[in-house]
Structure formats: structure tokens, C-alpha cells
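Look for chain A in each of the two complexes below; its partner is chain B in the first and chain C in the second.
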Partner chain A sequence: MAKTIKEIEHPLYRKSSKMRTERFGKSLTFIAVVLTAAITAAILFLVFSKGLSTFIMNDGSVKDFFTGTTWNPAEVNSLGKPIIGALPFIVGSLAITGISALIAGPLAIGAAIFMSEIAPNAGKRIMQPVIELLVGIPSVVYGFIGLSVVVPFLRDLFPGSGFGIAAGTIVLSVMILPTVTSLALDAIQSVPRSLREASLALGSTRWQMICKVVLKTAKPGLLMAIIFGMARAFGEALAVQMVIGNASVIPHSLFEPASTITSILTMGMGYTVMGQVENNALWSLALILLLMSLFFTIIVRMIGKGKST
Partner chain B sequence: MSAKSTDRLATAGLYVIVGIIITVLAGLLGFVFVKGIPQLSWQFITTPPQIFKEGGGVGPQLFNSFYLLVLTLMIAVPIAIGAGIYLAEYARDHWIIRCIRVLIEVLSSLPSIVVGLFGFLFFVLYMGWGFSILSGAFALSLFNLPLLVRVVEQSIRNIPKSQREAGWALGFSKWETITTIILPAALPGIVTGVILASGRVFGEAAALIYTAGMSTPIIDFTNWNPLSPTSPLNPFRPAETLAVHIWKINGEGIMPDAAAISDGAAALLIISILFFNFTSRFIGNLMFKKMGAN
Partner chain C sequence: MQSVALQPVKMKTNRVKLVDSPDFHRSSVLQTTDLSVYYGGHCAVNEVSLSFPKQSVTALIGPSGCGKSTFLRSINRMNDDTDSCRTEGKIYYEGVDLHSPNVNLHEIRKQIGMVFQRPVPFAKSIFKNVAAGPMRYGVKDKRELQGIVEENLKKAALWEEVKDQLHTSALRLSGGQQQRLCIARALAMQPSVLLLDEPASALDPVSTAKIEELISQLKKDYTIVIVTHNMQQAARVSDEVAYFYMGRVIEHGSTEQIFTNPIHEQTAHYINGHIG
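Moving on, here comes the complex of A and B:
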């Protein structure tokens, strides 16, 4: 009996200090990972609980929220429910995002084709660094340029003040253009060289090769690039808020002041008191924003999965 | 139309597209520099802004931007390195790990204004820090964590397996191999990524207007005691950064030279971003060469 106890106490049976540092290091890094994930969960939880409280605590109607056109959460309508018609903001956000993608998408893909297929040298040496630099330009600068160049330009050309969806779209298209170009270039460059050579060997012209082989193979990646740009456009706050005019109505033309979800959040959050209906209604808008960004992420993931199989 | 002329037409079309893009982007940079650089002077980057008169500068805002950047990196980089190490070296293919990866990806896709509002609710109100540099730094850390984690994970994954095996063969534990061999080898990639993220932090405004605030109290640049309310280092004072300043004076600035000040501030912002870009390239190359020589 005494002998076995002695054996267990033998130095070889003791945990080495290396095991201890190993365990320490592993748990330390694990805590960092869990912390990052927990923060995300906390953000999701808080925005969901705050955003839903408009409908649960303040008795707001979901139908009004998505179809109503009057935004005045401080007051109640004839049914005693707060007036929370968010349709103008949702329409504004969707319009701006959609039109920007329509403008920036083709331009970006064209530029990416040019940089990869037509002038690879100039593309790599000059255009790529410039595009990467432009990805990093702060959105406030884009908004400021929109305010001092695009808005006066539109004011001279069209009736109205120049503020509106058109100005917002121009600013956002230019803003997402470098991001989309850079991602589209990655997608096009990942098409294997052998496919191009096979196509050229069959006697196709460069354009036929680009159209029928390169673009077709790179399609999932190009879609991902455009959706990524749309997600960025949808979530952009300050650049849009500076040029859109901030009128909470559904505009009749692209040149009338409008609003987006992000612009109303930027404008309103500072002037409302936590816990009141006005404030909760803004959190519901933040929830929509979050759900849309989740939606974009899911689409990108689905396209990515389809690509790998 | 024959295939050849279609080809020529399409090529011409692509040249036109690229021409448009280059004109727009060059015009954009040109506009900022041509209008902004004449505004820059030592007086402009050191003096505080004026509210009613012209001739104000952006001194405190520039300082706030850098201070916020330093605090943000101090919070975010250690967490990102830890998380990156775990995901690259320890994580197995398990449903919990997959969940965590999805959550990190979701965090990276959140609009900055949503992160800012969360920061407003949690740091400003719940933790009671008020509009302060600290709240702003934490909000920006959240915003940049996913990017930094990805950078660290990628840089670590790029280290060849033979380096790890060499460490294990020398009798190092996994953790010792990571800290003494893998991390130093991955450092160039990590540093480059961190500097690029710095550019993002420096220009961010939407996440800051409700966390770091839109005002700067009078600060005294001779008082470096972090606990004093007038000290520039005090982390509990509100701090408007350069990017927020541009946004604010364009919305509600009443000084007569608001446009000129925004021109100058925008140029300053872009010059700083350029600086971060070039430093990251330069340091990345330098460290790569140094490590390669070893």
C-alpha cells in the first residue's frame, strides 16, 4: 500500500509545468474567442429586445410599421397606437441601395475585367494600389464631397434643392465602387488560366473568352462582390444623411428630399429619451437594419457554399 | 456583326468604363487635395475650433483621433491575437466553434451605426461612462475585432507546418511553439493588418457620434495628468474626432468658414489614411525582409 502511494508521488507522475502553461495559454486564447462571440450575441440580444419592445410594450402595430407612411411616434392614432409608419425610410434605404448597386456593379466588373484581362500590367501596378487606397477613404469624406459637389450640381440641373435619393445614390455608388471592384477582381483572377487558354485555343476572341468563360466561372464571386457592396451601402449612415435631405416622406422623384433608415437613426437618437416610444421606435429601425445585414450575410454564405460544392 | 468587331467594340467599351472610373476617382482625390491643402497650416492643425468666428483650427480633434486610435488598438489587438491564435491553432471542427465563427462573421457585417448604438446603450448609459473617449474606444474595438481576428488567424495559418514541427521536435509544448516561433513569424502580417485597421478606426464617424460624443471640452495641452478633467489624456472626457468634426460642421456649423475648415480637415484625414497605407506597406516589407534573412 505504502509503496503505491510513493509511486504516485514520483516526479514522473506529477503534472509538468509545461502542461500548466499549455493549459493556461489554451484557456486564455479560448476566453478571447468566447468574448468576441459573446459581444456579438449581446449586440443581437440588445437590439432585438429594444427593437421588439415597440411592438410588445408600446402596443405598436407591425402592419403600420411596414405599410404606414407617417412617422410620428410621440402621438397615437385613433386606435390608441403610436404612429410608426416606417415605409418612407425602408423605401429610401432600398431605393438607394438598389440603384447604387445597379450603377456601381457593372462599372466595377468592367474595371475588374480591364485590370485582369486587358491591361494586367497597368492594372496591377497603378490601378490596384489606387483602388485599395480608395477603399480606405472615410465615408464622411464621401458625404462631404457629395454635399459640396454633387448637391449643387444636381440643384443647377434639376428643379429642387439637389438633396435627395439621386444625390445619395451618386455618393454611395462612388463609395462602394472601390470595394466592389477589388472583390470582383479577386473573383476574376481566381479563374484558372487553363480555362482561358482552352477557350482561346478553340479560336474565340478575347471578348468571347471573357463573356463565355471568365464571367461565367466567376459569377458566384461577382455576385458576392455586389452583395457585399449593397450591404455596405445599406448600412452607411453619415454619408447618406448629409446629402439625402432628411424629409420623412416617400419622395415622388429622385430629386426630392427623402430619408433612409440610417439617416433617421443618426438624426433622431440624440433627441429622444431612453425607454420612451419615440426611442423604442428608433430601435425598431435599428433592428430592421440588423436583420437586413444578417440577410446579406446569409446570401453571401449561401453563394459561397454553392461555389465550393 | 462579326466576332472580331464585337471584340473590338467591347474592348473600347471597357476602356470607356475605366476612363469614367479614373476620372471620377481622380477628380475626387484632386478635389480634396486642391481645396484642402491650401487650408493646412501649423496654426490650423494646432489651434482649437472657433464657434462664431473664422480662423479656427482642428488641434483637439486631431489629437482625439490619434488618442482614440491608440486606446482602441490597446483594447482590440490583445483580444484579436488571442482569438486568432485559438481559431488558427487550437480550434477543431466542432459545432460550438462553427457557431462562434458565424457570430464573428455577423459582427463583421454589422453596420457601424448599429455598433455605435449598442455602444451608446451599453458603455455610455449602462456602464455610466457617459460620452467619453473610453466608450468610443470600446465601440470601435468591437467594430474592428472581427477584421483583426481574421488578419491574425490568416497570418498564423500562413506559417508553414515545418516551423511548428521544428518547435515540437525541440520539446516545446504547443503553447511555447506558438509564442516563441509562430507569433514572431506571423508578426509582419499582423502588423500590416493592424495598421490597415488603424486607417478604418481613424476615419470612422458613425460609431462615434453616440459614444465618444460630438463635443470637445476645453483641454489644456500642458496638463498631462490623466485624472484631471482638463487633461487631454483623461479617458472620461467627451472627444470629437476629425471625422465627426467634418460631419458636425457640415450639418450645424455656424462659423463663416465651415466649408474651408471641412476642406482642410478632409485633406488631413486622407493624408493620414495615405500615411497609414504607406507605413503598412513599408513596415510589412521591412519586417518580411528581416525575418526572411533570419
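Moving on, here comes the complex of A and C:
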């Protein structure tokens, strides 16, 4: 065997500036990932520790939290536990999210069908920019419009002040409509042309093709669009708070003032001190929001997975 | 631009009076006279006159882009939905001009079935795929549907393979099975003409052989027009062959004549693999 070359001498062992750039690029992206993950973990930790401390440190009852109807964390009840009945807000949030999805879902799917199947040219030229514009409007603007148009309108038509679930639902439906429409449009447009042709070749009318083939095939995508809309509605605070009336009672009618988890959270934030029961109780509400959004994300992921197999 | 929505939608069969076309063969169920199809300014099919005899298989062959698929798609007016597509000339089905304004487009497609190059099963069960067409035309009785599904899956030589899994998703079938399912789906509409657009080009040799065998079986009851790139396939399954080039029919004759003794030199070149 030939004499072995010393490591330093052979050009293959030489260090070059390219290796340094390579390492630099790697570490840069790695830092970005670590930072993102760390921030997310920190937020999760903060919300969990603060949110759970209502029940651990302040002796709050989990059962009361989900079933109680009175919210007054500063006081304690006869058992010496803080009064933290969040049921009215949970009901308010779920009602407002559910009804908004019921209103916005069919409208959005109808609009998407029109844009993709009935008038694809006008849809692309007129409707698409309009929808993109609507997506970009800040929520405070929606809330302001709700406050100055929707609330007085409801006050004139129905008994009560006009503030309530109905007003919140109308504002939220309009707000999530563009998002749901554009996602539904994507879902419908991704149905392959070959499937549409196969349906037409069987002698289907265009409407039969839309109902039986296009919507059926796009179903997972349409569900996903609605759930995205629901997630947005559930987490929306400002616009809702402006029109819902903020009364912490279980709503018996759509036209009575009520409140949602988010509206109580934004209302209470400024008036509580870190570490006190009142503040911890708000963190518990934040925890609920976090878990709900996690729940929505998991559903979307599951639908997405089901679609690909 | 023609669109489906503009067509009169009448579910009742609308028998239009027989048009006296001068060279209409009594034996041919389908016939085109000077059919031209344009995409914008481009002429994809140029004055094609062909007639398709009853219960026979006609193969349309020719190099890619020669207009044979466009021609096939214009027979059941699938090109109506394509923007900027214009059709001139006549298509007669049982003597009826398919472009006459009173003809029901959906009824045309019911009687002239089509199977595409790639299998396109709907994202439904095998049963519902076959039953889709009849259900849309109002067959509701479960027994009747079951009969239709079984009969047509048998015709498409798929019954034995799927009879125990009728209610599983059609997407789980292999490509060859999916294509036979699509044939069964087309047959369930009780068409008299079947248009096959390269039905085996996306399939493996075994599935291809099955489809070819099926075509020979179906010939007894249906008039079949098949577009194919495969010369051996054309020779195996067809009774007549039409050779397309640049949107025109260069030669049309019996399969035996075209393959053994073509009149045009160009046809001979293509069949022997010199063009295309």
C-alpha cells in the first residue's frame, strides 16, 4: 500500500468559505425555528399555568367553572370558593359561532358555486377582488358598522336594546363570509375537470353535476372552509364585544344582551391585577379559547388527512 | 360559445322528425357529414364525413393532435362546454340531426355514452357509481337499482371481482378495475353507442387485454367508436378503421383492408410506425 497522505496535505481536507456559508445558512434557519417553537411553548406554558392556577392555587371548582352561571371572581361563595361560573360566556361563544357558521356556510358555498360554475369569467374579474378586499377589512371596522347600523336596525325591529347574540351573529357572519367563500372556492375549483365531464357524459344536467359530483367531491374542502370560519368567529373579540351588550347572563333570546369568552376577556383585562383570583379567572377563559382553537386545528388536520387518502 | 344552460332541458324523449340526408345509410346508426371543429381560429377537425355501422367497432387512429379525440368528443357534444369551440357540419344519430335546436342534449348523452382516457370514478361506492346515472333519471326502487348494477357490472366483466365489496369506495379499485367500472357506469344508461377515448392507454397490459376482450363482447349490442394510439389494439378489436391526419380523414375502410392493403401511402407509413 502506498504511503498514507497526511490529512492536512490533501486538497480534499482543505476548508473553504463555501463550508462556512453552508453552516451559516443552516444555523440561521435553525435559530428561526427554535425561536418560533420557544415562543409558542412559552405562550402555552403561561396560559396553562395561569389558567390552571385558578383551580389549583385559588381553590376554584372546575365543575363550577363549566356549569355555574354567575361570574364574580372577586367574591367567594359559602364554601369559600371563588364564584367563577363561565357557562354564560361559553354558551354565548358557542351560540354565536354556530349560528354564524349556519348563516355564512351556505351563503359562502352558494357564492363559490356561482363564481366557479355559473359565471367563471365575471366571478374571476369582479367577485374575486371584492372578496379579497373584504378579507382585509379590520375587525374593528366591522364592529363599528355593526354598532352603528345593525344594532339600531335590530332595536327598531325587535324588543330590546338591539345588542345581543343576533347582532353579534350578523356582524360575524359578514366577517367570516369572505374567508369561507374563498376557501370554498378553492375546494370547488380543485375538483378535476375530468370528473365534471364524466358526469356530463352520463347525461347529467349542469345542476345535477354540481350537486352530485362537484359538491360531493369537494365536501372535505368545504367542511374545512366552514371550520376555518368557525375558528375565526370563535376567537374574534373586538367586533363582537362592540355589539353583544356584555351582560354575563345565559341568553334566553337572540336579542338580549349576552357575552362571549372573548368579550369578557377584553373587558376584564384592564381592571385586574396579575396574580389575583380575578386575573387568574381570565387566564382560565384564555385557556378555554386556546383549547378550542386547538380543537378546530385538529379537526381541520383530520379532514385534510382524510382527503389525501 | 355554446353552453349547456342554453339548451332546452326536457326530460321527455323528443323524437325529432327524420332528416332526409342524401347519403344516410340505413345500417349505420351514426353518421357525420362535413363535420368541422374549430378552437378559436384553429381548425382541429376538417370536414370529416364518416358513418358508423350498427354493432361494429370503428377505430380512429392517427398521430397525436390529428383531431381524432376532438372528433369523438363532438359526437356527444362534449365540446359544447369548451370555450371558443365551434362546430360546423352535421352529425346524424338514427337520422336525427344532433345540432338541431329541439334536441335534448342530456338525452343525446344518455344514448351516446362515453368513456374517457383516464378512469374517473366518482368518490362514491362501487354500487353508487353504477347507479348514479339511472338514479338521476328517476329510478328509485332499490331492487331495480340492484338489478341494474349487477347486470352492468357483469357486462363490464367486473362483477366477479367486486360483488362482495359493492359498498366500498370505488377509489380503492385498481386502475383497470376503475376503467371497467366506468364502462359499467356508461352501460347502465342503456346507450346504443359507446365512445371510447383511448380507454386502455393508462392501463397495464393485463387490464388492457381485459378491456379489449370486453369491447369484443359489447360489440354484439352496441355500436362502438374507439380512439386508440395502439396499432395492435386497433387491429385486434375493430371492424373498421379511420386514419386521421391533420384534422382530415385520409382513409376509411375495413380493418383488414387498412392493415393489409392500404390505398394511401401515408396510411401505410403510419401503420408501419414511420409517422407519429
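As a working rule, the second predicted complex is superposed on the first by the 298 of 309 C-alpha atoms of A that agree within 3 Å, B and C clash if a C-alpha of one lies under 4 Å from a C-alpha of the other, contacts with A are read in each partner's own complex, and residues count from 1 in each chain.
The rule we apply is simple: a residue touches a chain if its C-beta (ideal position, glycine included) is under 8 Å from a C-beta of that chain, and two chains touch if they have at least 3 such contacts.
Here the structure is a predicted model, which means the values were calculated and not measured.
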Taking chain A as the common reference, can chain B and chain C both be placed on it without clashing, or not? Answer clash or fit. fit
Does chain B (first) or chain C (second) touch A:Val140, or do both, or does neither? first
Now for A:Leu157: first (chain B), second (chain C), both, or neither, which partner does it touch? neither
Go through the superposed model and pick first if A:Leu291 touches only chain B, second if only chain C, both, or neither. neither
Residues of chain A touched, compared between chain B and chain C (which is higher): B
In the combined three-chain superposition, what is the angle centred on chain A between chain B and chain C, taking C-alpha centres, to the nearest 10 degrees? 100
Identify the partner contact of A:Val149: answer first if only chain B is touched, second if only chain C is, both if each is, neither if none is. first
Quick one: is A:Ile56 in contact with chain B, with chain C, with both, or with neither? Answer first, second, both or neither. neither
Pick one for A:Arg206: touches chain B only (first), chain C only (second), both, or neither. both
Please give the least Cα distance, whole angstrom, that chain B and chain C reach in the superposed model. 5
For chain A, what residues appear in both contact lists, the one with chain B and the one with chain C? 204-206, 208
Residue ranges of chain A touching chain C (in the complex, touch as defined): 192, 194-195, 197-206, 208, 212-213, 216-217
Over in the complex, which chain B residues touch chain A? Could you list them? 3-4, 6-7, 10-11, 13-15, 17-18, 20-22, 24-25, 28, 31-32, 78-83, 85-87, 89-91, 99-100, 103-107, 109-115, 117-118, 120-122, 125, 142, 145-146, 149, 173-176, 178-179, 196, 199-200, 202-206, 209-210, 243-244, 246-247, 250-251, 259, 262, 266, 269-270, 273-274, 276-277
Okay, in this complex, where on chain C does chain A touch? 4-5, 9, 76, 78, 81, 106-110, 113-114, 116, 118, 120, 122-124, 132-133, 136-137, 182, 185-186, 189
Contact set on chain A toward chain B in their complex: 18-19, 21-22, 24-26, 28-37, 39-44, 46-47, 50, 106-107, 110-111, 113-114, 118, 127, 130, 132-134, 136-141, 143-145, 147-149, 174, 177-178, 181, 204-208, 210-211, 231, 234-238, 242, 262, 265-266, 269-270, 274, 283, 286, 289-290, 293-294, 296-297, 301
